[in-house]
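Every chain is named by a letter (A, B and C) in the order it is written, and numbering of its residues begins at 1.
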Amino acid sequence: MIRASGILLALFFAATTWLVATAPTDSMQGAIQKILYVHVPCAFAAYAGFIVTGVSGALYLWRRDERFDWWALAGAEVGVVFCTLNIASGPIWARGTWGHWWAWDPRLTVTLILWFIYLAYLMLRSFTEGSERTARFAAVYGILALAAIPLNYYAIDLFGGAAMHPENLERDSLGAGMRLPFAASVLTGLIALWHLVTVRQDIARRHAEVPEITG
Amino acid sequence: MVCQSLSKRFGRAVALDALELVVEPGEGVALLGPNGAGKSTLLRLIAGLARPSAGHLAVDGTPAHQREARARVGYIGHATLLYGELTARENLVFAGKLHGVPDPGARADELLAEEELAPVAGDRVQSLSRGMSQRLAIARGLIHDPPLVLLDEPFSGLDRAAARRLTDRLQRLRAGGRTVVLVTHELSRAAELSTASLVLSRGRVVHTGRSEDAAGMEHAYLAAVEGRA
Amino acid sequence: MREGVALCLKDLLIEWRSRDRVVSTLLFALLVVLVFHFALPGGATARTQENAPGLLWVAYILAALFGLGRAFSLELDNDAIAGLALAPVERGWIFLGKAAANLVILALAQAVTALAFALVFELDVFAVAGRLAGLVLLGSLGLCAIGTFFSAVAVRTRFREVMLPLLMLPLLVPVLSGAVRATTSLFETGSVPFDAVQLLIVTDAIYLIGSFLLFDFVVDE
């Protein structure tokens, strides 16, 4: 089934790829800097994914409508993939620029915690029996964990490691000609999240409906 | 107590399917039916232990899962809901405090006397016999003197003397104006303790009748058990 | 609220009768201290003293994971949790009552562990005893809130011993972070930095209130 989100994604992906390929190379970091165009959108998508999960869970508890749980599951399963990509691309970039594989800087650390939260969420779902109870427990965890993310950021920011992340958005460290590809890539990432979550949610819906047809 | 189009699903499994039921105050109702018909689920929903998936369920006009409704319902289920390490009296006093009973100690003593458990009041529940635990469980369910009493197969595992005692107890409750909803497999008990009997099958009420109509009830019950309903 | 108090007292009474949770949690915590001693050979050096506050909180978290797991399993016998669910009270009070009882049980283990740490790492706890107790209480509020809440969730899943740490630990980072910072500062300078305390207060508040409001959904069926 061809979706609007799919078409939009294809277009954006094509446009972004071209923009990234033609974007100027960073004078200090070299070509590896272009990983930024993958790493950062993945971060946005990872956080957006968990917001989808947390909010859908809350809606499920409010309305007790199974469909919200499908969105919550989709958000988590797609979000965790983006989170993993983000955490995997981080060290590649770090090694190329800062010289070592990992640094406990606030943003990376919070995203790592988000990754653990995602995994705990998915494990909770898989170890709970009964779809109604699973939806309920997952929703409750999603809400608390969503509230915990800003807390985590605040905590790590106060006491965490050295801030080595380039402050792209605040301090204008993006060179000339990079802003457009950067914006495009972030948008592409979010559209990708939207598209994949919608697809995954649809799969969940069909999976839920099948036994009724055959049973 | 009113059920309107009450449904309960556990994932794909439908436990209650658009069930309709009205119980007037002071009535005695027996719920019969094969295992898996949804009788226990219905009782748990009325007690506020679970929420409906669809439909409405109200006790005296208040939705069953709200606090005010729970205060008016006493539930005695399969499990005793007792703490093994506490004594019989301590269990009752704790239950009394949970339900906001004004003088839990006095009420506990009263119930212990009624259930003839006074001699073991100071014994830990884990040392009581099964029959005594069941009597204590009933006392616990009645600690707050609820107008609506729900019992889920209270006769299972009881010897004849104990069953007789329980029947008398429940008849006294009914005489005192309480509404009793009883799940049982024993048609004779149903006839003694209720005026109306309902047969449930696969989450729906398939037959309603007067409990004294033993032949009719038996027929309907067997039909449900054999899957004909 | 009375019902929450009644539940807390009931739990403490049961605990007093059997004493199994306090004793086992305490033993576990002391074993952890022993393990730390062997993991950091050289005893109480300046370096290990620097890390001692962090290790103390690791010991506390491990003890909590160990002890909290049992918090709701006693409610599964005879389906006692249904007894709690039947009560005409807001279910958040059930959560608070349980969390309070857990806090008391944990506190006993924590106090002895602090003494053990003082011995092994040659820390002068007595000079800062009052403020340390306050700090530990503040951190433990968050610990017990999240721990009690997820213990109720985990107890109804398939691998409860594994689920509880998985659920708890990512959410405990703010508590750990603030508590360790504050405790380190307390031992080094005798004073506690306000930003750490603020973090702990905010975290505790969010976790306690969130758990209180959401507990109904955990007990429901």
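One rule holds in what follows: contacts are C-beta pairs under 8 Å (C-beta built on N, C-alpha and C of every residue); 3 or more make two chains touch, one makes a residue touch a chain.
None of these values were measured; they are calculated from a predicted model.
**Student:** Name the chain whose C-alpha centroid is most distant from the C-alpha centroid of chain A.
**Tutor:** If we average the C-alpha coordinates per chain, B ends up farthest from chain A.
**Student:** Taking each chain's centre as the average of its Cα atoms, which chain lies closest to the overall Cα centroid?
**Tutor:** Centre-most chain by C-alpha means: C.
**Student:** Identify the chain pair with more contacting C-beta pairs: A-B or A-C.
**Tutor:** A-C
**Student:** Please tell me the distance, in whole Å, between the geometric centres of chain B and chain C computed from their C-alpha atoms.
**Tutor:** 39
**Student:** What is the distance in Å between the mean C-alpha positions of chain A and chain B?
**Tutor:** From the centre of chain A to the centre of chain B is 50 Å.
**Student:** Centre to centre, by mean C-alpha position, how many angstrom separate chain A and chain C?
**Tutor:** 32
**Student:** Residues of chain A that contact two or more other chains, please.
**Tutor:** 132
**Student:** Of all the residues in chain C, which ones touch at least 2 other chains?
**Tutor:** Correct list: 220-221.
**Student:** Could you list which residues of chain B touch at least two other chains?
**Tutor:** Correct list: 51.
**Student:** Inside the complex, what are the residues of chain B that reach chain A?
**Tutor:** Its residues touching chain A are 9-12, 51, 53.
**Student:** Quick check on the complex: what are the chain A residues that touch chain C?
**Tutor:** Spelled out, the residues of chain A in touch with chain C are 61, 113, 116-117, 119-120, 123-124, 127-129, 132-133, 136-137, 139-141, 143-145, 147-148, 151-152, 154-156, 158-160.
**Student:** Which residues of chain A touch chain B in their complex?
**Tutor:** 64, 130-132, 211-212, 215
**Student:** For the complex, give me every residue of chain B touching chain C.
**Tutor:** Residues 44, 47-51, 65, 67-68, 70-71, 73, 75, 77-86, 90, 94-95, 97-100, 140 of chain B touch chain C in their complex.
**Student:** So in the complex, the part of chain C that touches chain B is made up of which residues?
**Tutor:** Residue positions touching the partner: 2-3, 6-7, 10, 13-14, 17-18, 74, 77-80, 82-90, 220-221.
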